[in-house]
């Protein structure tokens, strides 16, 4: 099985880190391929960047249409997820979506822990229709730069926050690039299951690909057909045409 | 990997059918084991039977604690799901829960199609916090007996209903024992993805078991400990004691 | 009028205390009868115990079918309430349900105050569809044992908590066996109405019995009929058969 | 026990009919008193009339403050309910509120059946926070005049509608003056419990008065105190002053 | 364009202040007229007063029917808004409604800041169906009297609160007479947009009047017609008759 | 006042039609400017096209930053609205958002009427947090091509649909390019107010610009600053840098 791990920003190092995390989670027969957009934000941290990155991510995915069994969106905002799900002929999984759905199988209420603003992740949980399952979204007052400069301090804060979230949550999703990979490292010291978006997305992508479900033939997730556009990449334009 | 497929009613034939469906969906290395409760309703179709079957199902699961990697509840009401998730040391997945969560990965809104009353499945979707993702629950005016007596007629009605549900849904969960196994058979003629609870539950159980997440150590999903009870099966009493 | 006060755990002393509270609230012509399950948890404090107690409670209720005018479930989790309501030929009232509905008649928002975890009571309020009326669920960090060992200290903490809840609530439901009977004792010193589940349930049971409403003849609350089962008590099996 | 049945419109015949219905439902020791506003709409059927009647109803209630044990608002819009609950020193119960809360004790989902527009009753159910418990609000295309001119025809339509509502509801609240008294008459031919607002309100008023709960001393349901106003009736002005 | 600014209490000084604020916000061609009820509460701070003021406000508005292009309700509780909207032949705008809808155009989540109880404003936001857009309602523990006695201190507290609300809100509505006029004065020192109800209502009233939309001819917002009433002002009675 | 009317697709004729509609609605002193993206879909009718158009629209808007007083997004999907609101230094209004918020001022429940799928507009209403105010979304089974070929037939269908929607709605938003301009033409024959997105958006843009509210300085609607990106238009890149 071939799973594409598609970054939505243009930073190659983040793609590489996500590919590594995906490989660690993948089943023996699963091949992980990485991809990085050719244009767009270096890192996504505003609404405007996220909207721009949606186009970049769709263009990136389009290059792989027909050659992969599933795609994982390696961006914690689940950028362009619904559009990608419509566009691509294979399953597409968002990493935060995957972690939240997995959390639904682990307990009643899950928490989301990130660095910086909590608001956008509250919106994301609501966009996925999972607000009723989400006990808390917490944004630690820490920049990604600070977390990288002092990883032990950041780990301590994450553990303490997860501990406090146990009052309302049965598991905690670690969201955002700066916390990537932390789940596995901190799990032995945590009172709650810690969920990593990439790992969850890879397992759900394998599960979904194995189920071999067809795309819907009608409605807003049916594949585009006969759509005309100006100035798009050949691969993206072709998918819109349904070619 | 060993996955228990636990029926909640006392009808062995249903257990056997579910085990067969689970084996068809399982990955090469997965072993499927079936279990049937020693007491309780022959078939669950009322609230009272469902409440009684919860006890029977927990007693059945308790016999396998420590010897399996995950349990799938082979009952479309997801009977005792939250209690079983707390009680057992391994992941526990409900079949309708699994189909609904899988449907979230396939499109925006899913439908649930069953025979008889729609109300209990609307409650079930709400219990899982997924009402916002569910476009329609439809109960066909057909008894399980009629469906078994005239399988072609039933299949035709299911296909026609799924077609009509496409106006509001991107996929359709087939719920209830009488529709078990139909998804795969009807998929080639259906305009939407048809989701089978047992197949989805087996794939999610494999995924969850592979993630090797611990149980929460606090809250209402932490394992029971030191609980005393009267007249329960030795295995169930032992799990409540935390022995 | 004969009202059954049915405990869901196997501890006779709790049944006796609930019967006494019910007698204090009952109208002159009301006779209160107590019942205790023959099997199940000594005290319910986990999801698994609650699921097991549901069966035990239904079996207990079944012994009284046809001989009582209403049943009050003397368990703050409203264990098996919907199943019992379907099963029994008379009105069935849950004690926390009763307190919450009474609170709706007293003000806009009610609070729920308990010892230990707040989460299960938030779920219970949601199960009753009353989340919009519930301003706060508060769990005091106190075990039942501590409350019993130091009743004056516990009373002080309950009063202080109710005082603080007045910022968001117009009344407070005291939930859980450890707070039973406290409402009447503390009311003179409390700024808000304090609601006792047993007292509210007895008054609502009397009201409902007086209205002499029939059971629905269709839907998921219609009485079971013709249901077969294995290994149940004769009285419970008879009710399922509709005999 | 003295219960005031307060009409909100100025039509004496409606007051008399409601008093009769209340007397039929009341317990032996309960005395029912009727009251009709001195000003305001003859019948309430618009938002503007309802807002005006709120003042008229509060002025009417104020005349009885201190002389009654509870008040029932004999108006299916539950006009001024929250304001009356704050203003009066005794329990105040709305008739549609009472029927809806009683319906919560009878099954899972209730319906509301009325003549004319359904919308205002949907708003009313939402104002009471009970939307999650309400399966359907249905407005029959029939004017009160038509119903009075052809009572058998109207009864037939109500029965047929209740029958159809059984697909989504476990009981049906009959709302609006034109359906008053019908519940008891039609119950023997109905498949579902039919709930009459006045009867339910009287029983809940008796129950609440027996519980002898105090008013909250703070918050938006605490009694007004020291409020100045211009041109109000002496009794109403006195209650606002807290005299 | 003539816009009526209708106070709902009987205090002329508040009417004058609101008229001045409206004039400051009005477009060059807009004429602002003030009106004060002839009866009712001096200031509205309880549910009962609000219900009484509804009648007084409708009577006040009725005097101007046909002579104005729009009406702004100069009362932060949006008293009688829906009834007035039905009753009057011109657009009617509530000041808190206007501020909340304007806030929806400025960011994702808005806050509401007031003196005293937060609860009634939470209810108001819910009544407008805007709960999902409201990040926080905060009531400062300050009486209007204290705010008037120490305006600099109050301003400091409002600024500090708005600063703190920035964690969950993109703008802040200042609600209640005591904060009227503060928005413009404090805006230069505030991190978030501060919204003034009167200013927003005047701009929306101008916009709505310019759109020249007709009233609905059916439903619960269609103008009353042929309604009889007792003891109302001639102008109000005439509007109910549809004369 | 200068208001930009920014199309999100690349079809100049649609821009021209929207500019004309905007000019018809604008106040005397308002100048309307049109803009069309340089790349992207010819018409937006799929999720993928909408995601791509978001980038194209932001790039278009960026060309006008600092030279306009407000921007109206001339696309019924409110494409990139939140991102544009964050990005631009002036107010940004979506046309469907504007019509829905205006509808909130006109009655209680509004309807949305479009050609084709209703689902995406239900999602849009939910994204704006206005689901509680929306009584119905109706998609007529008519393609834009059919509507253009037979305008009288389409007008008749729209009028008939609006008539039927009056059972649940107090006004109707006409959504989608194919219905643009119809509101004014059909209003004289319609029983309900018909709302045109462009007209509403222009009036709200004028109102909002007149209020001169600042942007929030923190949170997810604060202007981007110091953001790096690859391959974007100079104007867009400059706004992300905060230059």
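Labels for the chains are A, B, C, D, E and F, by order of writing; each one numbers its residues from 1.
In the analysis below, a residue touches a chain if its C-beta (ideal position, glycine included) is under 8 Å from a C-beta of that chain, and two chains touch if they have at least 3 such contacts.
For reference, the UniProt names are A, B, C, D, E, F = Aspartate/glutamate racemase family protein.
On a predicted model such as this, the values are computed, not experimentally measured, just so you know.
Listed by label, the chains touching chain D and chain F alike are B, E.
When the partners of chain C are compared with those of chain E, the chains appearing in both lists are A, D.
Relative to the C-alpha centre of chain D, the farthest chain centre belongs to A. Separating the centre of chain A from that of chain B, both taken as means of CA atoms, is a distance of 27 Å. In terms of their C-alpha centroids, the spacing between chain B and chain E amounts to 52 Å.
Each of the following residues of chain E touches two or more other chains: 82, 85, 108, 119, 219-221. Arrangement of the chains shown, judged by which pairs touch: an irregular graph that fits none of the line, ring, star or complete shapes. Annotation, chain-chain contacts: A-B, A-C, A-E, A-F, B-C, B-D, B-F, C-D, C-E, D-E, D-F, E-F (touch as defined at the top). Against chain A, the residues of chain C that register as touching in their complex are 119, 123.
Interface residues of chain F facing chain E in the complex, by the touch rule stated above, are 25, 27, 82, 85, 91, 93, 97, 101-102, 104-108, 128-133, 166, 169-171, 187, 191-193, 195, 199-200, 203-204, 206-208, 210-211, 213-221. Residue ranges of chain D in contact with chain E, taken from their complex: 10, 38-43, 45-52, 54-56, 58, 80, 82-87, 117, 119-120, 127, 219-221, 224, 227-232, 236, 239-240.
Residue ranges of chain B in contact with chain F, taken from their complex: 108-109, 168.
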